[in-house]
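So, here's a batch of structures to check.
Presented sequentially are two complexes of chain A, the first with chain B as partner and the second with chain C.
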Partner chain A sequence: MTATTAARALPRVGTRDGQLARLRGTWPSVFGLVAFFVIWEVLIRATHTPAFVVPAPSLVVKRLWEEFPSYAYEFSFTLAAAGIGLAIGTTVGIVGAVLMANWRILEKSLFPLAVILKLVPFVAIAPLLRIWLGYELQPKILLAALITFFPVLVNCITGFRSVDPLALEFFRSVGATRWEILTRLRWMTSQPHLFAALKVNVNLALAGAIVGELFSSKNGIGMVINETALNLDIPAMFAAILFLAITGVALTLFMNWGERRVLAWHESVRTTR
Partner chain B sequence: MAKTFLAKDGSVEALREISLDIAEREFVTLIGPSGCGKSTLLRIIGGLIEASAGSVALRGRSPQDAQRTKDIGFVFQQPALLPWRTVAHNVELPFELNKGAGSDRLCSTEEILALVGLSQFATAHPYQLSGGMQQRVAIARALIFDPALLLMDEPFGALDEITRAGMRYELLRIWGKSQKTVLFVTHSIAEAIALSDRVVVMSPRPGEIREILEITLPRPRNEEIESAPEFVRMADHLRHLLRA
Partner chain C sequence: MTTATPALHPAVFVRRSRLRGVGENVLPPLIALALALAAWEALVRLLNIPIYLLPAPSDVAGTLWKLISAGFVPPTYVGAPAEGILYDTYVTLAEAMVGLLIGTFVGLFFAVVMTHSRFAEQALYPIIISIRSTPIIALAPVFIIWFGFTIMPKAIVAALATFYPVLVNCITGMRAVDPAALEFFESVHASRSEIFWRLRVPNTMPYFFAALRLNVSLSLIGAIVGELVGARDGVGHMITAAAVTLRTTEVFSGVVVLTALGVILTELVTFAQRRVLFWHETERA
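The block that comes next holds the complex of A and B.
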C-alpha cells in the first residue's frame, strides 16, 4: 500500500458532496416551516381575526423589523444574565463532579442536596430572588446558574465513570497518578456527556433569565414581554417571542457547530455527518 | 525473575499454587481454557490486582514498584486507545503519564510506527484504522517507553483468523528487534507454539500449571514453521493436554 492510497482509504468527512447532500435533505423541513406560516396567514385573513387576538405572521415580522434595535438591546441583558449564569452553573457542576468523583464521602453528603435543589421548580424561587437580590442582573444570573449546574454535575459524573476499563488499566499499569487519570482520561471521556448537558443548558439558562425578568426587571426581553402584555400590544409580544425563537435557533446551531469541532473524534458526531 | 503466588478472586479460587520463573528476554506463553485464570495471573504480575497469597517479584521488586518506574508494558485484548488522540499521540501517551519516573525511550515515534508498519497513519485517528492496525498501535504504545516486561493479554483475540496469523509473525519481528521479556496469554495453540520459548499450560478453575513445554524450534520463525513436523507434533501434544 503506497502512502497516497493509504491516505485516500481514510474516511473523508465534511466534503463538498456531503454538504450538498445535507442541503438536499433539508428541503422537506423548509417546506413544512413555510407551509405552517402560509396557512397561519391565510387563516387570519380569511377569518378577519383581529390583531390583538392573534396577529398574522406578516404583521409580526413587520413589528419585529421596527422593534429590532430595541429588542436586540434588551436581549443583550437577557443574554448576559443567561451567559454568566451558565458559566457559573457549568463551573460549579464540573468542580462538584471532580470532587464527588474523587471523594465518595462528598458525593454521599452533597449529592442528595443537589437533587433536592434540582427538584424545586425554579419558577417558584424567582419571587424570593427578587426580594433578596432586587431588580438588576444578579437574581437572573443566580436563577440561570441554579438551573444549569445540575445537568452538568450529573452528566460530568456519568462521563467520569464511563471510561474504557482497559484504557484505565493501561494508565494504572504505567503508574499514572489520579490527577493524570482525571485530566487525560476521565475528563476527555466526559466531553460528549458534558456537551449534551451544555446544549440543554443554553436554552435552560435563557429560560431562567427570562423568567427572572418576568418577575422583576428594568431590562431584558422578559421585561419587554411583560410590558407588551400590560399594554395588550399582542403583535409586539409575538414579535418578541419570534425574536427569542430566532435567537434560540441561532444558539442551537452554534452549539451544534461547536460540538462537531470539539467532538470530531466521537461516534455521535462521526455518524451524523 | 521469580513469581510465586496463590490467589483468590472473592470466594472463587481462581489460581492455585502457581510457581513460575521467567528469564530476561524470554518469550513465555500462558495457554489454557476460558476461565482458567490466565488473565488474572497476568494482571497480578502487572500489578493491576493483588494476589491473595504469595508474591510476585520482577527483578526482585514488587509489580507496584515496577509500575512506578514504568517497567511494565501492557497490551490488552482490545486496543484501548484514546479515540480523541491521533495514532502518534496515542503512542506518546506513556510519556505524559507518571512523569516522575523519567522517560526512557526505545526509539522515536516515527521509528516505532515504522516498526509496526503504520508510518503513514501517524496523524490518523483510531476509528480510521482496522482492528489489526489499532492493535499494532497498542503494541507500539506498550513498547515506546522501553519497559522491561511486556504483558500481552490475548492481544489478537479480537482479530479475524487471517489478520491474526499475520500479526503473529509481525510480533515476532518486532520482538526480535526490541528483545523484551514477554508474557503472552492466548487461547490459540498455533500462536503459543509459533511465538514462545516456553508454553505454560494451565488447567481450568482453579488455575494450576499443568505442564511447561519448551519450544525448541529455531528462530527466526515465519509462517512456514507451522507446517514443520516438529510444530505439528507439539500442537498435537498441547491439544491433548488441553483436552484432558
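The block that comes next holds the complex of A and C.
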C-alpha cells in the first residue's frame, strides 16, 4: 500500500466512526418514540378502552394507511390555503417593514399599533369570515395571512433596528445612501429575526387554515377532522391528526434545513454546527 | 441599601424623559389609530354597508358598552343571546390561566429532566417536536369528546400551546450559564443542587419571562379555539353564537375584549419581570 491510499483510508475510518457515534446518538430518540407508542398500545389493550374514546396506535396506523390517498388530497387544500396565506402575510409584512424603515413617521405611529395588533386573536373571527367569504379557499387564505402578517412585520422591524452601530457608522462614513443601508446592512441583520418569524408562521398558517376549515369548508383536513368528530369515528380522526403530525414534523425539519442554508453566514448557525 | 443612593439621580432623569416620551411615543400611534377608525367609520357610512356585514366602530363601541355595563351576568339558558360580556371574559380568562399554569409546570418539569439527563433529552425530543409541529387546534375536538363542555378541553389546548416555549427557553437558559461562573462554583465545591438553584435557575429567569410573555397570548388563543369548537360560555362561544345569528357587532366586541385581555396580561408579565429581574442587565440598562 502506498502512503496516499493509507492517507485516504484514514478519514474514511474516521467518518465511519462518526456515523457510528451518530447512530449511537439517535438510538435514544428512536427508543423514545417506540416506547411512546408501545406504552400507548399496551395501556389501551390492558384497560380495554373502546376505540371511540382512545384508539390503539395500531388501529390508527391501519386507518391512516387506508385513508392516506383521500387525506393527502384533502390536505392539499389545507396546504394551498396555508401556503398562499403565508406568502401574502410575509410579503405584505416585509413591504410594510421596508416602508416603516424609510419613513420614520410611519414607524413611530404604526409600529406600536402593530405590536398590539399582533395580540389580536384572529382565529376568533373565523366564524365571521365564513359570512364574508364563503366556503372556498379565500376565508382560510385571509385567516392565514392575518395571523402571519404581524409577526413578520414586528420581527422584520426589530431586525432592521438591531443593526450594529459601528457597521452603520461605517456605511455612513463611506457615503452609503439610505437605500443601500437598507438593502445591504439592515436587510441582512433582519434575516435571523425574519426566519424566526417564518418558522413560527409555517405552523401558525397551517393552524389558521385548519381553524377556517373546521368552521366552513367543502374540503381540507380540518373538514375531515370536523366530520370524523361529528360521526364519532375517532380512529379516523386520530389518523388525520397523525397525518398532520407527520407533515408538521416534515415541515419543521424542512424549515430548519432552509434556515441553515440561508443563514449559513450567521454566527447562530455557524456555532451550532 | 448602599445602591439606593446612586440610583436616585438617574431616577429623576428617567421621570422627566418618561414625561416627554408620552408626547413623542404615545401621540403618533393614537393619531394613527384615530385616523384608521375614522376612515373605517366613513367607509361604512358612505358605502352604506349593512351592519351585519361590517359594523362601524361607533356601532361596535355602542354594543361593547352595552355588554360591559350589563355587569356580571351568567347566561340564563344554554345558547341564550349574550347579555353581558364580563362573565364570558371571566370564563375564558380562567380557562387560559389554568392552561397556562399546566403548560408552564409541564414545560419546567421537562426542562429540568432534559437538562439533567442527556438520554432523557434525546428520547423525549422527537416526541416533543411532534407535539409542537401538530396543529394543536386539530386536537380540540378530541378533548371536547373526552371532557365535554367543561373547562378542561380549553385548558388542555392552552397547555399544549404554551408548554413548548417554556421548555425550549428554560433549556436554553439552564445551558447558557457563564462558564467562568460555573468554574467558580465548582472550584468552591458547590454541590449539583447548589449549582442548580444558585446559578442555573437565576440564569434561566430572563428566558423564562420571555416565554411567559409570549405564552399569555398563546394561552388565550388556545382557550378561544377550544371554545370555538365546543363550549357553553366564554368569549369564543359568544363570538360563534353571535356570528351564526349575524350579530356582527358582538363578534367585534368579543375580539376587542380579547385583544384588551391579551395586552393587559402581556403588560402584567412585563411588570412582574421588571420586579423580579431588577438585578439583570437587560432591566438595568
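To be clear about the criterion, the second predicted complex is superposed on the first by the 244 of 273 C-alpha atoms of A that agree within 3 Å, B and C clash if a C-alpha of one lies under 4 Å from a C-alpha of the other, contacts with A are read in each partner's own complex, and residues count from 1 in each chain.
Here is the rule we use: contacts are C-beta pairs under 8 Å (C-beta built on N, C-alpha and C of every residue); 3 or more make two chains touch, one makes a residue touch a chain.
Owing to the predicted nature of the structure, the values given are computational and were not obtained by experimental measurement.
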Assess the superposed three-chain arrangement around chain A: do chain B and chain C clash, or do they fit?
fit
Considering only the touch criterion stated at the top, classify A:Leu99 as touching first (chain B), second (chain C), both, or neither.
neither
For A:Trp265, using the defined touch cut-off, is the partner it touches chain B, chain C, both, or neither? Pick first, second, both or neither.
first
Please indicate which partner A:Leu206 is in contact with in the superposed arrangement: first for chain B, second for chain C, both, or neither.
second
Partner with the higher number of touched chain A residues, chain C or chain B:
C
Output check: A:Arg184 vs chain B and chain C. Expected answer is one of first, second, both, neither. What do you get?
first
Identify the partner contact of A:Ala72: answer first if only chain B is touched, second if only chain C is, both if each is, neither if none is.
neither
By the touch definition at the top of the document, which applies to A:Val42: first (chain B), second (chain C), both, or neither?
neither
Considering only touches as defined above, state whether A:Phe170 meets chain B (first), chain C (second), both or neither.
first
What does the superposition give for the shortest Cα distance from chain B to chain C, in Å?
15
Find the residues of chain A that appear in the contact set with chain B and again in the contact set with chain C.
none
Using the touch definition from the top, list the residues of chain A that touch chain C in their complex.
25-26, 28-29, 31-33, 35-36, 53, 105, 108-113, 116-117, 119-121, 123-128, 130-132, 203, 206-207, 210-211, 214-215, 221-222, 225-226, 229, 232, 234, 237-238, 240-241, 244-245, 248-249, 251-252
How about chain B: which of its residues touch chain A in the complex?
43, 46-48, 67-70, 72-74, 76-78, 80-85, 93-94, 96-98, 101, 120-121, 124-125, 127-128, 141, 145, 151
Under the stated contact criterion, what part of chain C meets chain A in this complex?
24-26, 28-29, 31-33, 52-53, 119, 122-127, 129-139, 141-142, 144-146, 217, 220-221, 224-225, 228-229, 235-236, 239-240, 243-244, 246, 248, 251, 254-255, 258-259, 262-263, 266
Considering the complex alone, what residue numbers of chain A touch chain B?
3, 6-7, 10-11, 164, 166-167, 169-177, 180, 184-185, 188, 191, 265-267, 270
